[in-house]
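Shared chain: chain A. Partners: chain B in the first complex, chain C in the second.
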Partner chain A sequence: MKKIIFILAILSTIVIQAQSAEARGLEIAKAAEQADLGFKSSTVHLKMILKNKNGQTSERSLTTKTLELTEDGDKSLIVFNSPKDVKGTSTLTFTHKVGSDDQWLFLPSIKRVKRISSNNKSGPFVGSEFAYEDLSSIEVEKYTYKFIEEKGELLIVEQDPVDQKSGYTRRLVTYNKNKGYRIEKVEFYDRKNALLKTLTYTGYKLYKNKFWRAATFNMINHQSNKETVLFFSNYNFDVALTEEDFTQNALIRTGS
Partner chain B sequence: MKIHIVFYTSLLMSLSSINAQTKENKVEQDFELEVAAEYRYFYNDAAFNKQESHFPSLAFTPEYAVKWNKGYESINFTGFFRVDRDDERTHWDIRELYYQKAKKNWELSLGLKKIYWGVTESNHLVDIINQTDAVESFDGEEKLGQPMAQFTLTTKKIGSFDFFYLPYHRKRTFSGEKGRLRFPVIIDKDDLNYESGAEEWRQDLAFRWSHYFGAFDVGVSHFYGNGREPLFVFDTLGNINAFYPVINQSGLDLQITHNAFLWKLESIYRSSKAQDFFALVAGLEFTFSNIDGNGLDIGVLGEYLYDDRDELALNALQNDVFFGSRIAFNDTQDTSILIGGISDLESSSKIFSIEASRRFGSSWKAEIEARIFNSIDNKEFILSNFKEDSFLRFSMSKYF
Partner chain C sequence: MNALKKASNATNAFAKSWANFVIKFKWPVLLITMLLALGLGSQGNMEFDGDYHVFFSKSNPELEAFDALQEKYTKDDNVVLVLSPSNGNVFTKNNLSAIEALTKEAWNTPYSSRVDAITNYQYTRAVGDDLYVDDLSYESSLKTDDDIKKIRQIALKEPLLVNRIINEAGSVTAINITVKLPGVDINEIPGEVTPFVRNMISNFETKHPKIKIHSSGLIPMNTAFFEASMKDLMLTMIMLVIVVITTLILTRNFVSTFATLIVVLFSIISAIGFVGIMGIKLTPPSAVFPTMILTLAVADSIHILVTMLQKMRKEGLNKIDALKEAMRLNFMPVFITSLTTIIGFLTMNFGDVPPFWDLGNITAFGMLMAFLFSTTTLPALMAILPVKSKVKKASDTPIKSSLYTVFGNFVVKQPVRLTIISVLVISGLTYLASKNTFNDEFVNYFDKTVDFRNSTDYISENLTGIYNIEYSVGSGESGGINNPEYLKNLNAFENWLKKQPEVIHVNAFSEIARRVNRSMHGDDTNFYRVPENRDEAAQYLLLYELSLPFGLDLNNQINVDKSETRVTVTTENISSAEMIAFSKRGENWLKNNTPEAMHAIGVSPTLMFSKLGFRQADSMLNGNIVALILISLVLMLALRSFKLGLLSIIPNVTPVLVGFGIWALYKGQINTGMVVVFGMTLGIIVDDTVHFMSKFLRAKRELGYNSKQAVVYAFETVGKALVTTTVVLLAGFTVLSTSSFALNSYMARITLIIIIAALVIDFILLPSLLILTSKKEDKIISNEKVAQVAFDK
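Up next is the complex of A and B:
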């Protein structure tokens, strides 16, 4: 009898510990979300350098506008400036905390707006090593969490995507608790649970005394040996954008 | 000395405030030019006299945009000029030249502009604002610039309202004597008349309401004015009389986006003194995405096309099915292929097509297109004239 109680006691501590790892993971993700709350809207220029395994590079440049929403996910508008043959091609995305996002594509050559499926989460964004899901806005509800370890100021949390269409079984995210819970590194594990990609954030700058934004995102694909680097410039948090800047008409206007 | 310092400091401060102001009122200019060399080869012997088989061609598309007031005001220009072996395909156009102002929930555009309405791939029924530049492409997606005043009002709860005032009608382009894809009689676009006494200066109106709720994107439109499609009527002597009728056209476009499925419907009802008819396109698109884990997307498309006009339908799509596949490699060169076929359910007529494109370097783009007319029924009023006009097209564009 004593043995059974002893075993039960051990089991329950394990369960409690497991729960607290999950609770702590969620807590960290929420703290990171809280720390970034209130930026309202921003614009940024983005240069993408795509490197193949032989080191050959190609380049894209785009502009992103983001509108922060608290009740539902953020809205964003992305416009391509180069390569020139796709200049003006734009996407409008309404992220949802639960369920699939709404997305429209503008094709400037025939001025057509097309609602597109946001089903393709795991596919590459314009031939890069970033999947669509890597670039969509961070919403706490999209993952379940498990705290892994603490290394000085760094907190490592495992995130399991809720959506079955995700290309990952899990992501290992490194937060910096002393720097507004900014993300320093993400490791992506594919559906076979093998390490697929590593994303590192560098050149962090503090904007408006509250919002940490990295100047460089470096994504390395360990399986294909390809690499994509994103360079962010001209962050602007004073643009005061509204929902009217994120309509289908605004999409046509921006891409024209 | 002190005064000097104060003076210079205030001067500096005012200068920097001017600087800040000009930054706010920054004027952004942008110029781009596309030069495209093209070769079209019609591999069957011509059906009519004087038609050629080889068509080398060169096209220039300059674009200029100036934006100010944080991008809420702009002037946009797109020109077009083509030199071709077919004299009628040698033509120029102002595709767009308009002033635009957006403020809060409204937007105003004045000038020549291009507007696209619709959701389907094989036929564009609802799209009516611009005249088709028919000599440019077989799919009817190239348009002539339309003079307009467009006012758009966007609301949060009840969708978006577009009002168009269209003061001038553009006539459709037709192939010349040397050109393919024409009738035995050469139609000079200027020979076509109007039902309206005001002719091309008839003041036309159009309206569209569009909205989206969850998975549904819906548009309802109405156009009243000179039709974009000429009407071909035979008189008692068997002569063709072609003219632009005054039409009322109501349109509906609907897309339901559910997971990887896009369900699509376009439908119109057009009425005029000479002819009333109903037409629709309904179908779906399904995409198998990232099949190989490397970004390969394969989409399958199926659409049914119906048109009340039977054989008088200018586009010959009266009771047909379309099947297609869109293959996107999502590689760094944006390689993509679109394969399709339209088959008439009442006759043997079939049209197959392939369009493929790929970027080279950072500023070159190659395109390949093939249109194949197969077993075209001699009873087809329009299509039977094109049955020897299967062609291959290769084009290379350089962007400056």
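Up next is the complex of A and C:
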């Protein structure tokens, strides 16, 4: 009898701890979202360097415009500047908190906008080690959370994607609680729960005294030994973009 | 002649003092040799390597070309699961749901990076300017009959799926699991991937008894190699039993049998130590080393023991004297035969196939140790252990030997006739031998007792081919794959390939270019052609890249620089020669129809294996010549006769020709494993020649017989011994011929033929030649005693 009580006692503490771990995880994610709230819109230049296991590289340069939305997910517009033969190709994405995102593509060679409907968020973004889901705006609703541990100013939270089509079983996200809950590192575990990739953020700078933005995203794929580095430059939070800048017409304008 | 006599006496004296020493210090000798064997054995470490790469040396140009291709693109291994629903239709709600479930489970395969099935195929559909990309059949259990009909129609028209993932009838489908092995631990496949996949299949088949699964691909092939090695290693047990039985029959003595067993076990234990020390990873060809060593080493002990027991039984010598005498008489023959066998096996190093280097080196080392243990441990043991024997008054032996005498007389009567018949038969078979063709279809390396073989045969009969060739077709400039000129040429190459009779499926970048172009034009089939403008092509490619699913990227098919693309051609099961010819045809087409930058050579594991036999034969040619020269030299020295040494080449070389001649009638196809046979069997069959010639010489030199009498004498004295050693060898190679792995079983089978041919030739052609070539000498026969042959006594 005593034994049973003892076991029950242990079990209940585990359950309580588990609950609080989940609650704390969610709390951290919300705090991070809160800390980044209110940037309204921004533009940034981006150089993408793809490296394969033998060190061969290829390079792309893009410009990204982002419009913050609170009701639903953010809107973004990406324009390719190089290589030369894809210059002007651009994508417009409306992320949604629930359901699949909307995406349009403009191809200057045929001067047409194509709408792409795809549930496929786990695929790689233009051949990089980044999946769409790694780059699309961070929405609290997309994951369930579990707080793992605290290491000094770092908080590690496990995030399990809600979307069945995600390429991951979980992500281990390291937040920095003293720096506006900015993310320092993310580890991605694939569907068989093996470590797939590690993303590290470096060169953080504080913009507008509130928004932490990293200058370098470094994604390493441990299974294919490939690597993608994103170099961000010319962050601009004063562009005051509006919904007007994120329409199909705007897509054609920026592209051509 | 005096010098020779001295040498001969010296070897005799050496053998005597060796025997005395070993018998005097029998306990320390036994202890030290035991420590040596166990010490070596303690270093033993048997690991298996199932990677097909082990069959290719680092400098193999086909391997280099293939590795270069894999460096440019991705290097993947795979498991193909082929599902055959019993209702003969993949497209039912139940079957599609089952495929979906298995696909989901397959994502959990260790080291997997991608799973492709009919259900998760990324189907792209265009309606006006809207593009829809989705799994071909997601949540199949919710589909209506109409949906499923549509899915069937789409799938059976999709060039990427038909003959690859689904057959034309829609009755058999595949799930392809791509695996990226870290290559750190040798246990990744046998310890992790294979058990997982097998477990997944058996669970699935229990749950869905109406769907049968066959599995193939590089990972199952790796496992098959691995398991073939282990299985062939197990043949050792059968051979051990045979050794015990043979020794018992020949010696009729338990102590001798025990001692023989100890000697062969010590030899094998030492060889295992050698494997560990050298860091050799065992493969099917090298895993047969214990059986080889057993087969070859047991003869040493038997020769010594039979002589010893004979001396005790017939001549009534006491044990120690008989043992010394047996050692004295056999030391040189055992040394010479060990030496020639070691030379024969070491010549495998001349070849281009590393597993055979290992087999040659391990067996050579084992034979060296067998010689050592036969001349130390064996006499020490026999000196220690009690050996009972009844002295028999000689009377029964002549009856037994009479058979050989009769045969000897038969040969002596008609040397010319027998020579002519032999020459005719041998020439005929030699002609036939040249009719053999190389065929290293690696799937056929496994016989039909192996699951991998049956499954792979099933897949090639019902779904797709398992052999392929790849061409990395360059454009000559960075980003040049979007050049319309390049695309047009690539498209033409693709079309040409598809028209070739042996081609089942072609995967080329031009197909993607056509498909995306069609999608961009509202699925208008008129646009199912390559784009005509470079920017357009580049932007379509970008779009295609944006639509790739998890685990797939362009690097699979396009190099990082976007200057080259990979064309993968799947072919029917065709022979090595046809494969090489087909690959060449492709290369020539590119040469004749495209600019220079697009010229490419065909590469693939299939092609590597196809060329392996030729490469091995070329490189072994030198090895065989070296073996022949060395072994002939050893013979000249041993026989102390240049003429006979030269003559010995005939009975040593012809068995191989006869062997391959008979093989041409039996199979007609030879593989890489059989190329090493010449050097190897030369080292073995030379014993017959040596024994026969030395007796012949002794009769002439010592007893003053003429050639005919000397031949009869040779038959009487060594006829039986030659037959018994041949029987032991036949037993060993018969055991090996049961191997499920063709490199081993074919090699063993042809060795069987060669060994039998060697005995027949040594009994018919050799004595005839000895008589014919000695005619002059016979006329001036003298009783002058000639130096005693080292070999003989």
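Definition applied: the second predicted complex is superposed on the first by the 246 of 256 C-alpha atoms of A that agree within 3 Å, B and C clash if a C-alpha of one lies under 4 Å from a C-alpha of the other, contacts with A are read in each partner's own complex, and residues count from 1 in each chain.
In this section, a residue touches a chain if its C-beta (ideal position, glycine included) is under 8 Å from a C-beta of that chain, and two chains touch if they have at least 3 such contacts.
From a predicted model like this one, the values you see are computed outputs, not experimental measurements.
If you put the two complexes together on chain A, you find that chain B and chain C bump into each other.
After overlaying the two complexes on the shared chain, residue contacts for A:G167 are found with chain B and with chain C alike.
Look at A:G123: by the touch rule set out above, it reaches both chain B and chain C.
Using the contact criterion defined above for the overlaid structures, shared-chain residue A:K151 touches neither chain B nor chain C, since it reaches no partner. By the touch criterion defined above, A:P83 lies against chain B and chain C together after alignment on the C-alpha atoms of chain A. In the superposition on chain A, contact is made by A:E59 with chain B only, not with chain C. In the superposition on chain A, A:K111 makes contact with chain B only, not with chain C.
By the touch criterion defined above, A:E244 reaches chain B but does not reach chain C. After the shared chain A is superposed, the part of chain B among 237-245, 327-335 or 381-389 that runs into chain C is 327-335, by C-alpha clashes. On chain A, the surface patch touched by chain B in one complex and by chain C in the other comprises residues 50, 52, 58, 83, 85-86, 110, 112-117, 119-120, 122-124, 126-127, 167, 224. Contact residues on chain B toward chain A in their complex (touch as defined above): 32, 34, 65, 70-71, 74, 76, 96, 100, 102, 104-105, 107, 114-116, 118-119, 141, 143, 152, 154, 156, 160, 210, 212, 217, 255, 257, 259-262, 287, 289-290, 293-295, 297, 330-334, 359, 362-363, 365, 397, 399-400. Within the complex formed with chain C, the residues of chain A that make contact are 50, 52, 54, 56-58, 80, 83, 85-86, 89, 91, 105, 107-110, 112-120, 122-127, 131, 167, 190-192, 194, 223-224, 226. Here chain C touches chain A in the complex through residues 71, 74, 107-113, 122, 129-135, 138, 180, 182, 479, 482, 520, 533-540, 542-543, 545-555, 559-562, going by the rule given at the top.
Taken in their complex, chain A has these residues touching chain B: 50, 52, 58-59, 82-87, 100, 102, 110-117, 119-120, 122-124, 126-127, 167, 224, 239, 242-244, 247-250, 253-254, 256.
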